[in-house]
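Presented below is the structure to which this report refers.
Note that the chains are named A, B, C and D in the order they appear, and that numbering of residues resets to 1 at the start of each chain.
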Amino acid sequence: MRIGVFICHCGSNIEGTVDTATVAKASLDFPEVVYATDTMYACSEPGQDGIIQAIKDKNLTGVVVASCTPRMHEPTFRRAVERAGLNRYMFEMANIREHVSWIGKDREANTNKSVDLVRIAIEKLRRDAPLSPSKFSINKRVMVIGGGVAGIQAALDCADGGLQVVLVERESSIGGKMAKLDKTFPTVDCSSCILGPKMVDVAQHENITLHAYSEVDAIGGYVGNFQVQVKKKATYVDWTLCTGCGACMEKCPSKKNPDRFNEKIGPCTSINIPFPQAIPKKAVIDPTTCRQFVKGKCGVCAKVCPTGAIKYDMADEIVTEDVGAIVAATGYDLFDISKVTEYGGGRYPDVITGLQYERLLSASGPTGGHIKRPSDGKEPKNVVFIQCVGSRDKSLDRPYCSGFCCMYTAKQAILTKDHIPDSQSYVFYMDIRSPGKMYDEFTRRAMEEYGARYIRGRVAMVYPKDGKMIVRGADTLAGTQVEVEADLVVLAAGAEAAVGAPKLAEKLRISYDKYGFFMESHPKLKPVETNTAGVYLAGSCQGPKDIPQSVGQGSAAAAKVLALFSKDMLESDPQISRVDIKRCVGCGKCIITCPFKAIKEVEFRGQKKAEVIETVCQGCGLCTSTCPQGAIQLSHFTDNQILAEVNALCQS
Amino acid sequence: MPVLTGKELRIVGFLCNWCSYGGADTAGVGRFGQPTDLRIIRVPCSGRIDPLFIAKTLINGADGVLVSGCHPRDCHYAEGNFYARRRLEVLKRFLPILGIDPGRFDYTWVSASEGQRWQKVVTVFTEQIHALGPAPRFDAVSADMLAKAAAGALGQGGNRVAA
Amino acid sequence: MSEAIAYYPGCSGLGTSKEYDASTRAVCRTLGLDLVDIPDWSCCGSTPAHTKDHVLSAALSARNLQLVSGMGIASAATPCPSCLTNLRTANHRMEAPAMAEKVNKLLDAPYAGGVEAISVLQALVEKVGLDEIKAAVRTPLTGLKVACYYGCIMNRPPELMAFDDCENPMAMDNVLSAMGATVVPFPLKVECCGASYGIPRQDIVARLTGKLLDVAKSVGADMVAVACPLCQMNLDLRQGQVNRALGTNFRIPVPYFTQLMGVALNVADEELGFGQLCIDPRPVLNKALSGADAQAKGA
Amino acid sequence: MSRLEELKTRIKEALPGLECVIGWQKGYDPLHNTPLFMRTDADVDKLEWGPLNVHNPAVYLPTFTGKKVGVVVKGCDSRSVVELLQENLINRDNVVIFGMPCTGVIDLSKVKARLAGAGVSAGTVTAVTDDGKTVSVTAGGQTTAMPLAEVRADKCGRCQFPNAVLADAYVGDPIAPAAPAAAADADLAALDAMSVPERMAFWRYHMERCIRCYACRNACPMCVCRDHCIAQSREPHWLTQDDTATEKLMFQVVHALHLAGRCTECGECQRACPMDIPVLALKKHLNRTIRDLFDYQAGVDPQAIPPLLQFKLEEDNIKERSW
């Protein structure tokens, strides 16, 4: 091998504390190095041209650049050596900026350390092999998991882009949390008026297949070729026959069940269509409360159904969908307010969540849009809003800000005044977080035009007394204790990862944080990608988001899918594991541990062997450290390469 | 000129590319000053780190080895660090029976955003290795000790009194 | 029969809350919980010690824990939440080796840790158990409406006390429910009574205690059961002061929960010391019980 | 019919469907039994049972991949079979396990030491008898009686699995396990008692004696890499062929760490060592760690996944250090 070494000054960033000329000179003593120089900005156009020229002039077959972190410019230099005719993997970097020049001021030590880092890069390069990607075909269908506003947007954009879309929704209707909202901030326009048409578009779009009341059961395959098993839960109603007329709901004798769509502050029937604008508008029987199931006799709905759609013997059904990409848009759930015992949520009926309050405000809610408190149905005059319940609270293990609560609280304060002109709202807050277009103006309106009294401080406790809820807290601006006699207390419950999110993440083989939110590939530059190729994120499943952000992410995820599907063939990253079939004893330890199911057992001349599925392997190398005989090696990070680095460092 | 004699000790780091290597980058970007002893070997995932690499590094004369990966649950590859945690803990407990001070090896978790944590880890670990001093070398055991080993006279407390 | 537990009555148990001490001993004896006195126990240091010096405060408590350790007993129970706080704090602080060393220098015999300090309430719930307590009831407190008042330090700070919910504890509620009483939901069960401000600032105690009594009355409680000698004093002894300061007319009995348990377990009246309280609960108690009795007969 | 005869009958019944059945036979002198590969009824008649059956026949099973074989096991051997099954290194359908209760096997080095103490050479043994409690060795015309409890292998004194943990044909009534050992074995205890630098000297001394014959590896039933052991490969190139104590120690570390969570402590590595190097102590130490960390023993449950091939989101016994 003929190795060229380039030591970058990075202006004064490196040269300031590293003697690059000395490092270059020292490099010449290392094996197979035929050329070494220092260079002002290796990544600049002249810098890259210098590398390309040297490759040609000196017949270099491998290049080491010592400069910044490879996480920054490795792709840049790989492209450069490729332009000069080398394989892009015949290249290594030594990080002498972030790991050397920027963290120490001792020029002698830094120079010396840089030589060491160049040396291990050379030793690794000497054991590099040219790698080339392979190509495979893709299935241009996409699955969107979750039919909230983010999922709806992603599905519509993909469908409009000409893709076949499979939309999977856990509930019997799409719409998600947004469908439960009365109005939206900061425009105070009606939530169902702006969401409804989009839901109808989903129903009518010829490219969209909707599986409502369904969940993802299992996922196999890899980017371009996933197989997803979808469990269609039994609805006990044949949806091909159901017309959504609602006759069954009128006659159902079991009427007092907590209505999940109404956040359990209103009753519903055992056979139910959750709300008038539901898509699909089909009935579902809840077998845990239905008399036919619980008592074994009733059958009223079956008698009244004009189309004979009721099927008490229906069972769950699994359908398999083949898709090439998956968008996860599973949204969020609310923090359980009963965990904050001092506020009495769950114990006192008049302490409710913001989402429950939305249902009280909504004209299609259980009170027909009249604010009536749950305990006695009276119209409240004093309403206290408490923010950050389950947000920004380390003691509850919820240190993060849920982001949208400040805004919906301001909206609810405004709506309270609209509904009950002689009412007074109080808002206990920690800080007001309203960084969005027209957002801060909106919270100001709540205070200035609608007279909501904002009190900066935490509430210590809420307790009932003589038909009122006494809210005691601190006013940290006035430095006093305050007590408010409230008729109704609304807790701005924080957002949590959706129930079951970690399980879905494991099926998708994507990471999730300790709170269950899915991990994006890069917090700034890859916000809707994941570390599993072909799986994208939209909306609050990645972290709490308001509607505009969720919609934006839905479109962003769709754009990623459309870009992925713009090619007919995909290239796989060649930095993957490969099996030396002679050394493999077929024990399958790599198969057990592979996080991506990227290794399969094959028969080779009657013997069991492991084989890497190139398109699935993500290149983590867990298999390589698992295999005792070293039969499976991660290309570009082989045992021999790491051993060579170790040996280079341990030579005295 | 591998280490600056009298100033540095030989400390080798194995860092996963996605979290800890990025954390070390973040520390650099933030100019969080650190001792210069550590040399970092980049690997894709802490799960790639065969404990034998660490044993080999220490047996071959390194004074310290530091491994760092993504925090549990944050692994770029979903599970690699969970396997690594088990394997590295087993190794840490194994080293002393070979005659290697377990303080010469540590593993930890540092995310790409935790530049300050990385600075602290490197500083504390380097101090820890300097406190232990240069590692006794397997190929430089004293004749006196070898004679004791041959006579089956180790572990009688004699050496520890002398030390 | 449960294991033996060392018993640390605290200084109030020998003075202002003799009836708490006596009823605790009687109730535990009846339930088969073996309380063993700690020979030569000393004051836990109360509030003054830890305000002045953490090492001294820990040493005062550690001395007692060390004595228990020497008895070969693993748990010590105290009726007083303030003593409990000091004992548990000493254990917690001495987990730090540096602190343990300083404290042990002050002690005749070093304390190596390992003795768990719990409240009598916790001992009853965990060492005896609600089922056994319920089975031992002879005279159910049927018809008695009682508010359970835990005071502010019985369960707090939660990471130190590690028992029950710190904002809405239920242990005493459950015990008195098991006795047959009707436990009314009392939202202020962990609110401060004013504690030792009863001496320098009676106005503060009048306001805080007044609120407790007011809410207890509004939720329909016949009496307020307590578990803390200082709370008991503020609510009972100072009820007159409250009435004068606020212009109210409260006359709510404030017995210790152990006294009420004693009634239900048929402990002899003289062991329960109701006469030591300012407002004697017995008339209200008898009225409630006979009312229930009459109702039962009528039905 | 004696138990051994019954066992032979069972093997003969099964033999027609099997490539062979692995057991033990009398060896080159009365003190040494050696492995036996039974292919005919006549072979079966050579089968031996008793304290001289020191070898672990499980070591041969992976070499019969694809063929159906039988194996006669002591309790400890059965754990190796189970571990091989756990690791998918042999196929359950292709192995028939024959077991009998085992009361322990001798440690040849202890017997030789006894004989040396009595002034006779182990090379002159003419007869060995045992009654289940005492082994009597006749050498140089002189008979030395040795209580089995004193000359048996360390592992037998604390054996928790005297009966096969898995068997298709089991002859005799299962016997009770020994009391679990209260303290570590003497070899491990000796290492525990040393300071860390002393241990380095200890291994340096023994590694200098090592002749790098790989007998320890070849006798190990779990070392299935065989010709592909990384001790001798170039790709990957873990070890050089330099005859240094460092390289030899590294090989022992490779062997031990490759066995972490897999070793059933059958002791074959140490028994096979011609230099009597206490290499088993490394594995005992690792097994202690595995037990402490994961509450796990290898080769007990055919369905169990070895601890280093799995994980828990929250580990029970691993605590992250703080900085």
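Everything that follows uses one rule, which is that a residue touches a chain if its C-beta (ideal position, glycine included) is under 8 Å from a C-beta of that chain, and two chains touch if they have at least 3 such contacts.
As the structure is a prediction and not an experimental result, all values here were calculated from the model.
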Go through A-B and A-C and name the pair with more C-beta contacts between its chains. A-B
Central chain of the complex, centres being mean CA coordinates: A
Chain B-chain C separation of Cα centroids, rounded to whole Å: 53
Starting from the mean Cα coordinates of chain A and chain B, work out the distance between those two points in Å. 35
Distance in whole angstrom between the CA centres of chain C and chain D is 63
How many Å are there between the centre of chain A and the centre of chain C, using C-alpha atoms for each centre? 50
Junction residues of chain A - those touching two or more other chains: 593, 626, 639, 643
Could you say which residues in chain B touch two or more other chains, in rising order? 51, 56, 60, 73, 79, 83, 87
Partner chain C, residues of chain A touching it in the complex: 340-342, 344, 347, 461, 463-466
Could you please specify the touching residues of chain B with respect to chain D in the complex? 51-52, 55-56, 59-60, 72-73, 79, 82-83, 85-87, 89-91, 93-94, 96-101, 106, 108-109, 117, 120-121, 124, 136, 138-139, 141-142, 145-146, 148-150, 154-155, 159-160, 163
Residue ranges of chain A touching chain D (in the complex, touch as defined): 580, 582-583, 585-589, 592-593, 606-607, 626, 628-631, 633, 638-640, 643
The chain A residues in contact with chain B across the complex are 26, 69-72, 95, 97-100, 102-106, 108-110, 112-113, 115-117, 120, 506, 509-514, 519, 523, 531, 575, 593, 595-596, 618-622, 624-626, 634, 637, 639, 642-643, 645-647, 649-652
Could you please specify the touching residues of chain C with respect to chain A in the complex? 165-168, 185, 187-188, 191, 215, 218
